[in-house]
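Once you scroll down, you'll see the structures, which are given as structure tokens.
What follows is subunit A paired twice: with subunit B in the first complex and subunit C in the second.
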Partner chain A sequence: MGIAETYSRGREFAIERPFALVLGVIAAVLLGDLLLGLATGQTQFADIGTLVWDGLMRGLVIGLAGIGLSMTYSILNFANFAHGDYITAGAFSGWATTYLIAGLGRADIGALLLVGAGGSVYGGTIGIGMLSTPLAVVAGIVVAGAFAIALSLGVDRFIFKPVRNEDGITLLITSIGVAFALRYLMQFVFGSDVRGTTAQPPSIGLYLIDGTVFIDAHDITLLVIASGLMIGVHLLLQRTKLGKAMRAMADNQDLALITGIPTERVVRSTWIIGGGLTGIAGYMFILWKGTLGFNDGWLLLLLIFAAVILGGIGSIYGAITGGLVIGLTASMAVLWIPSAFARAAAFVVMIVILLVKPSGLFSGRSTA
Partner chain B sequence: MSVDANTDATSGAGVEDRNDVLLRVRNLDAGYGDLQILTDVDMDVFDGEYVTIVGPNGAGKSTTMKSVFGLTAHMGGSVQFQDEDITGRRPEEIIHVGIGYVPQNDNVFPTLTVEENLEMGAYILDEVPQDAIRAVYDRFPILEERKHQKAGTMSGGQQQMLAMGRALMLDPDLLLLDEPSAGLAPDLVDEMFDKIDEINEAGTAILMVEQNAKEALRRCDRGYVLANGQNRYMDRGSALLEDEQVRQDFLGG
Partner chain C sequence: MSVRDDIAARIPGGDAGLIVLILASAYLLYILAGIGLGYDLRGQLNSIATLTFYIGIFAMLSLALNLHWGYTGLFNIGIVGFMAVGVYVMALVSKPVFVAGGAAQVGGLGLPLWVGIIAGMLAAAILGLVVALPALRLRADYLAIVTIAMSEIVRFSFLSGNLQEFNLFGTKVGFGGGSGLILDFVPPLEALFRSVGLWGVYLGFVEAFQAIVPRNPKPVVDGLIYGALLLGFVAVYFWLLKRTGESPFGRVLKAIREDEDVANALGKNTDGFKIKSFMLGCALMGLAGILWLMPQGAVTPNFFRPRVTFFVWIALIIGGAGSNTGSVLGGAVFAAVLYQGPRYFQNLVGTVFPNLDSPSGFGQAISPLISQFDPVPLLLYTVDSIRQLQLVVMGLVLIWLMHNRPEGLLGHRKETASVISLDRPKSMTAADGGTDGEVRTDGGVTEDDSTAAVEGGASDE
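Moving on to the complex of A and B:
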């Protein structure tokens, strides 16, 4: 009787939600494979720890960079494809500052300002790092944020604002145009080579069962700054008058106008906050991975879009959560598949989550 | 009782000789984009008065109200509020003069809490007026019970009360209500009208558009009947209810 009931219930479940069943089977197979690898010593716990840590860091970068994208989406109803190049622009401006401060007197100023274009000067040679040149890094972070703010305000004022009342496709294509223009302008100025930006930062090894997980100073810097900014945005949105007005506007722009919320000023604040976070995310991304190229932001943008869509586009909490999911997936996928497919795996996870929850994890919560 | 000239529209209940006029609309032409909806509309609301606009669909009832609040394209005529010319001003300026507006649909911020919605109602003030929030809670106790709940998760009637509460946060002299009973269950409709009576009795003048014309005319001081974007009748609510022509043409017999 008991078995028959369990069986029939199982059959009902399989018929009603075949998709969930398939997912469950796949998850079980992956987990089994992982356990088998651990049991036979083919996979080490420390490897997993390293990948989780790496994924967490990647997720923080994606999440931080995704907040700005999500904000402009929810308040201006527009998916800004130039966002990735705001990230790169923030990174170049910040790193030019860092190079200049760290390398002043030791290298040609022009070469420093161009972030060592054409191999004229190397970040590693100047010894750039959070612990070795803290002032240069902090100044770089500030400049990256400030420059991205100025850039997003300028682009909004002169390019997006005139077409803001056109339909969504016009804005979208305009933003793609801005993206290309920015990207190749940066390639023209800074060159197309990928340069190393930091000296090897000191790290600590954490013992984990069968090996060591290394955590370096730049990981910690990223963790502190990204989580600090995320908490800051949360408090801003929940506690301040401006934050509440931003959420109100994301909810219902017409009503916001009727209640006397100065909508243009809120739009400007959105670009300022979103732009600042984006620029800083760009800088931290480079500090963490140690290399800088003109394509970095654009390549990251696809993962950021995956993250914000996965989280429920328009929600900053969705962007953060989605960023962590995408980051962890992209890193941990190498446990099962060749690393060349890691990015693809992130998108597969996005599609699977959207199939289960079509409007995203934090759907309908807009900025809240 | 039918009116052709605008002067007739306003002289019906002897309103010209009153000197406590709050809102005075004269010869208003307005619409959306290039489309004109209102032609020569006249309307008055006096201090503390309760005025209803009724009429068939597409008569321009809501458009009249939106025009007062600066939400339409102004094409001619004037809108005066307390001796101030507010013709063609934008909504963000008009809330400063003492007019509150409750739109028919989408009149709360769904992901904000009840209390945050009320705070948004007083956005133009530097500080959140705690006494105004207190007054709204006293008038609508259900809102206090649910002050931390997201507005979008409340029932239609509760959202309507929240929308009114939000519009009352600046203690307006005139409250514009666009179909407050739309979409409410029958027992809630009465409660809603009772609340509007209370707000009016507390001294706030009401200009209301209502689909539920008979009940609205029973409760109001004065009513306007609009059709095709023009004034048709104006009189005390009870007089309009008794008027054979009005009953036949506009109140379904």
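Moving on to the complex of A and C:
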């Protein structure tokens, strides 16, 4: 009886959810391959540890930037393609501040403000780092957040607000226009070269079975700041009236308006929270990876979209979880496939989720 | 809308007249600019050939996009990915077989060019199918994200060293990786004329052209003939899409655009229709990509950045989604004004003020303005980096269009299936062929056309 029931239930599952079954098989094969590699010594535990740590860091950046995207997506009902360039803008403003504070007196102010455009100043020469120039980094984080807030409020006021009552696609196309204008304006000002921004930070090695996993000071900074901000947003949305108003608006805008929620003010708060997190995420991303180029935010944006869709649009926990999954996928995919396709693997995960569970992992839970 | 009606009413010949007028003024402007630049006849002819080339390319691409967005309401922002796949597959099939010591790092299968073109179009269509299968059942913005992600995956794949070279049917082939691929097959015009046995006639024509351009007239003639060929392709695209749009198939597509649920309820398998429309459009984009890069001699993956997709969208939105005439017009306006215009402006400035020393960076450009109120270096830098600023201007144009004229120059015409005229006094204000309920599919009552809606309500398909 037990066996027959199990068998028939399994058969039903296979018929109803063929995709899920295929996915399960693929996951099992990949895991088997990994275990085989570990057993035969082809793959080292320490390598996996390094990749997991790398993925975790990448995931934190994606998750942090994803919160803002997810919030505007659910409250204003459009996919904001300019979000990636808010990240870049935040990063450039923050890094200009950091360069200025760290390098004042040692290099030309103009070169510092342009974040060393054209190789005029190098972050490594000034010795920028969390431990070597903590004040400059903290000031940079603050400025990055503030600038991204100002930028997103300004863009919203003059560009999105006049078309806010149109459908989502109109806003989406408008946001593509904003994205291109911002990106190439930044290229115009800061140049197109990718510059190194930090000196090599001190790191500690953790021993893991057969090797060492290195964790540096900037990893720790990212971990602390990202988790701190995530907890902060969680508390803000759960404990304050603003959070409740946001959830109400994401659910039904007209109803929220009728109930007396000042929707315009909620929209503004959404941009403030989302913009601030985005700018800081941009700054931390650059601090963590150590290079800065005008295309960085755009390239990250697609992974952020993947994360937000994966987690379920509108849910900040979804954005964080999705970010971690996408970050880990993008980093760990190199265990199985050539590194050039690691980014592609993250998109494949997104497409698979769209097939299996289109509403995302945290579906049905709007903002918070 | 009223502006457009005024213009259309004043020009003899309606839309066709408008196209002729705009093309004529674009060419006139370029000839004038050529005179300003001091071009000789050869330079003028080259400049006309280049302009025609880009008008043709962007008109084709925006016609193909119009099938996706204007007719079916599929928000495809991965155009460049389909172009890339078309070009690379064409190169793989048609490049000559690898010989050691040749200029090319990798070879191809050595098949005739037309086989390669068909293979490229098929590959683009198949990629379209692969993308469409998961995404079509979902919301429009998901399709947008999936398509743009796909186009970046395609670019990264061609950039990767893993596909740089591999063996296929025993010959060394590949996509060249980041260093690109030399398109060392027979030049397309030569292949075309040889295949119809007119190559000798063509060479005779080139000889005769020496009367106009004395020295080495072949590149000039090639450019002009290729441009004309592209305009021929635009005509074929136009005809094909017009026929498609007017056929029962096209009417279902428009029904899907207006309200997919209704089309579904009427017993149409909307998924099937969407997939077919998507694949057809992708194949056409692949062909446009092939025609764009075929005469260039080489191709690198980084040509296929998302900005090309953005170009095509601007062209379509300028012209107006939902209108084939508008797509051609938008392509022409975009190519002449936004795409080629700034480069000409840059050349013009360079000719009028030769020996200008423009600053190498923004820092050197802005510091004289701050310290001595000297704006000249900044202006010079601006002119020098016009290729980046061009994209900024395009972004601003897109924003302006979405704010003020989302229907474009000729957008969103209603094509009626009825024998008698159902024209309403004013066309509807519906924006851009949006997919969902926002578009007033029922001849929705708005202030200015409430009277018209009564008689015009039946005209929607």
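One rule holds for everything that comes next: the second predicted complex is superposed on the first by the 351 of 368 C-alpha atoms of A that agree within 3 Å, B and C clash if a C-alpha of one lies under 4 Å from a C-alpha of the other, contacts with A are read in each partner's own complex, and residues count from 1 in each chain.
Methods note: a contact is a pair of C-beta atoms (placed from the backbone, for glycine too) under 8 Å apart; a residue touches a chain by one contact, two chains touch by 3 or more.
Source: prediction; values computed, not measured.
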Which superposed partner A:260 touches (first subunit B, second subunit C, both, neither): first
Partner chain(s) touched by A:79 [first = subunit B, second = subunit C, both, neither]: second
Touched subunit A residues, subunit B compared with subunit C: C
Subunit B versus subunit C as contact partner of A:67, first or second or both or neither: neither
Touched partner set for A:307, first subunit B, second subunit C, both or neither: neither
First, second, both or neither for A:48, with subunit B first and subunit C second: neither
Partner chain in contact with A:87 - subunit B first, subunit C second, else both or neither: neither
Partner chain in contact with A:248 - subunit B first, subunit C second, else both or neither: first
Shared contact residues on subunit A - subunit B and subunit C: none
In the complex, subunit B residues that touch subunit A: 69, 71, 91-92, 95-96, 101, 103, 106-112, 116, 119-121, 123-124, 150, 166
Complex interface listing, subunit A residues touching subunit C: 78-79, 108, 110-111, 113-114, 117-118, 120, 159, 162-163, 166-170, 172-174, 176-185, 187-192, 298, 302, 305-306, 309, 338, 340-341, 343-344, 347, 350-351, 354-355, 358
Parts of subunit C lying in touch with subunit A, wherever the complex brings them together: 75, 77, 134-135, 137-138, 140-142, 144-146, 148-150, 152-153, 156-157, 159-162, 306-307, 310, 313, 317, 360-363, 366-367, 385, 388-392, 394-399, 402-403, 406, 431-432, 434-436, 438-439
Subunit A residues touching subunit B - in the complex, by the definition given at the top: 241, 244-245, 247-248, 250-252, 254-262, 364-368
